[in-house]
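Presented below is the structure to which this report refers.
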Amino acid sequence: MLEYQQMRIESRLYELGYVLPLPPAPGGNYTSAKIVGNLVFLAGVISADEQGVIAGTLGQGRSLEDGYHAARCCVLTQLAALKEALGTLDHVQQIVSVNGYVNSVAGFAESPKVINGASDLLVELFGDAGRHVRAAIGVSALPRNALVELQMMVAI
Amino acid sequence: MLEYQQMRIESRLYELGYVLPLPPAPGGNYTSAKIVGNLVFLAGVISADEQGVIAGTLGQGRSLEDGYHAARCCVLTQLAALKEALGTLDHVQQIVSVNGYVNSVAGFAESPKVINGASDLLVELFGDAGRHVRAAIGVSALPRNALVELQMMVAI
Amino acid sequence: MLEYQQMRIESRLYELGYVLPLPPAPGGNYTSAKIVGNLVFLAGVISADEQGVIAGTLGQGRSLEDGYHAARCCVLTQLAALKEALGTLDHVQQIVSVNGYVNSVAGFAESPKVINGASDLLVELFGDAGRHVRAAIGVSALPRNALVELQMMVAI
């Protein structure tokens, strides 16, 4: 029974057609997840899919659809880190916060539409518990020229 | 008596000549406030007043005074979100943190003077309990081309 | 004995050849550290050493080595703030998070190599307890034109 419940969110992922990537391998003296009390702090992750880093700049050769997809991929990587830290995604009680940084040209005003790719997937997966606070910020440079960087905090 | 106390911060706002705006309506699958234990995490809000979004770029047609005013308006919106979440601002035990993002030209060095508009109002309203940690960052793009985005966390 | 233990991290700093600077003096209505439960939130600090603010832009006259050094200096300033708040660095149970903002040209892809200057020192000093989550972000403007701004959270 417990085992069944412990597969709940992952079954949902599977039903929706998503596959968790490998957990991120930090490229420095840091870690992917840190637990303090019932809060799990995650390291920022950059957008990547099976083809590797999703790079580029919004407003310069990259579309809103590209950005939305990139933000969604960031969530999958965050969930992979979370699963590695917790053993199962079913220990998540609520998604608390999402900080989304969008690699964009100066004056790009649509970062919320990009970060919606993250928010929509979180609510699709976790329902109301997936509804989080967030900030969407346009920045001029991200690691490895990634299109999106995302950092989450969750409560367990 | 309780009712009297519960109006304390709002009376102070009124005395200082401020009016709380309507609470922000999230433009996506997220929420304005999330409570975990005694911490309240708020979503980032963009600068707006009665005339709508306060947009523009510091160092390019917008003055420090404009930025200071914009940061102060962000606090009022954050307080409206907080009141909606808590019922009353008098449950605030302390303002913990303020992250202020300033839409600015590259090399703009005065973001602290802009975010002072937020810090000054918080201390005016809450006294020592309003003294927070903060970060002021200059960025090249904010949602709806807002001049300032601000994100707060408070303890209750 | 307690006194001996309370000097552990500071002895380690001394052995490694580092000296804590004066704690930062906030230039506004905010504070350097805020304690809520067992979490200590620190204000963002800008890169500085004995010569004053370490200013400039990565990718435009400033090298990765300059950035790495600047990030390390930010940690020393954060530790000075932490010591001021706690009395001793030995109350630190773990370093939870590091947010590093790198003043850089658009498209600068190497911010992680800069923020490694912070991560490496934290692990050198605190061992595994110093291993944190982090986000590295390239931005176009920082207070006083600083090369790096860093914001930490720790658990005590």
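The letters A, B and C name the chains in turn, as written, and every chain counts its residues from 1.
Simple rule for what comes next: contacts are C-beta pairs under 8 Å (C-beta built on N, C-alpha and C of every residue); 3 or more make two chains touch, one makes a residue touch a chain.
This is a predicted model, so every value here is computed, not measured.
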Joint neighbours of subunit B and subunit A, given as chain labels: C
Rotation, 0 to 180 degrees and nearest 5, that superposes subunit A on copy subunit C via CA atoms: 120
Distance from subunit C to subunit B - Cα centre to Cα centre, in angstrom: 26
Junction residues of subunit C, two or more chains touched: 37, 106, 139-140
In the complex with subunit A, residue positions of subunit B that touch it: 27-34, 36-37, 41-44, 57, 99, 101, 106, 139-145, 149, 151
Of all residues in subunit A, those that touch subunit B in their complex: 37-39, 94, 96-98, 102, 104-112, 115-116, 119-120, 122-123, 130-140, 153, 155
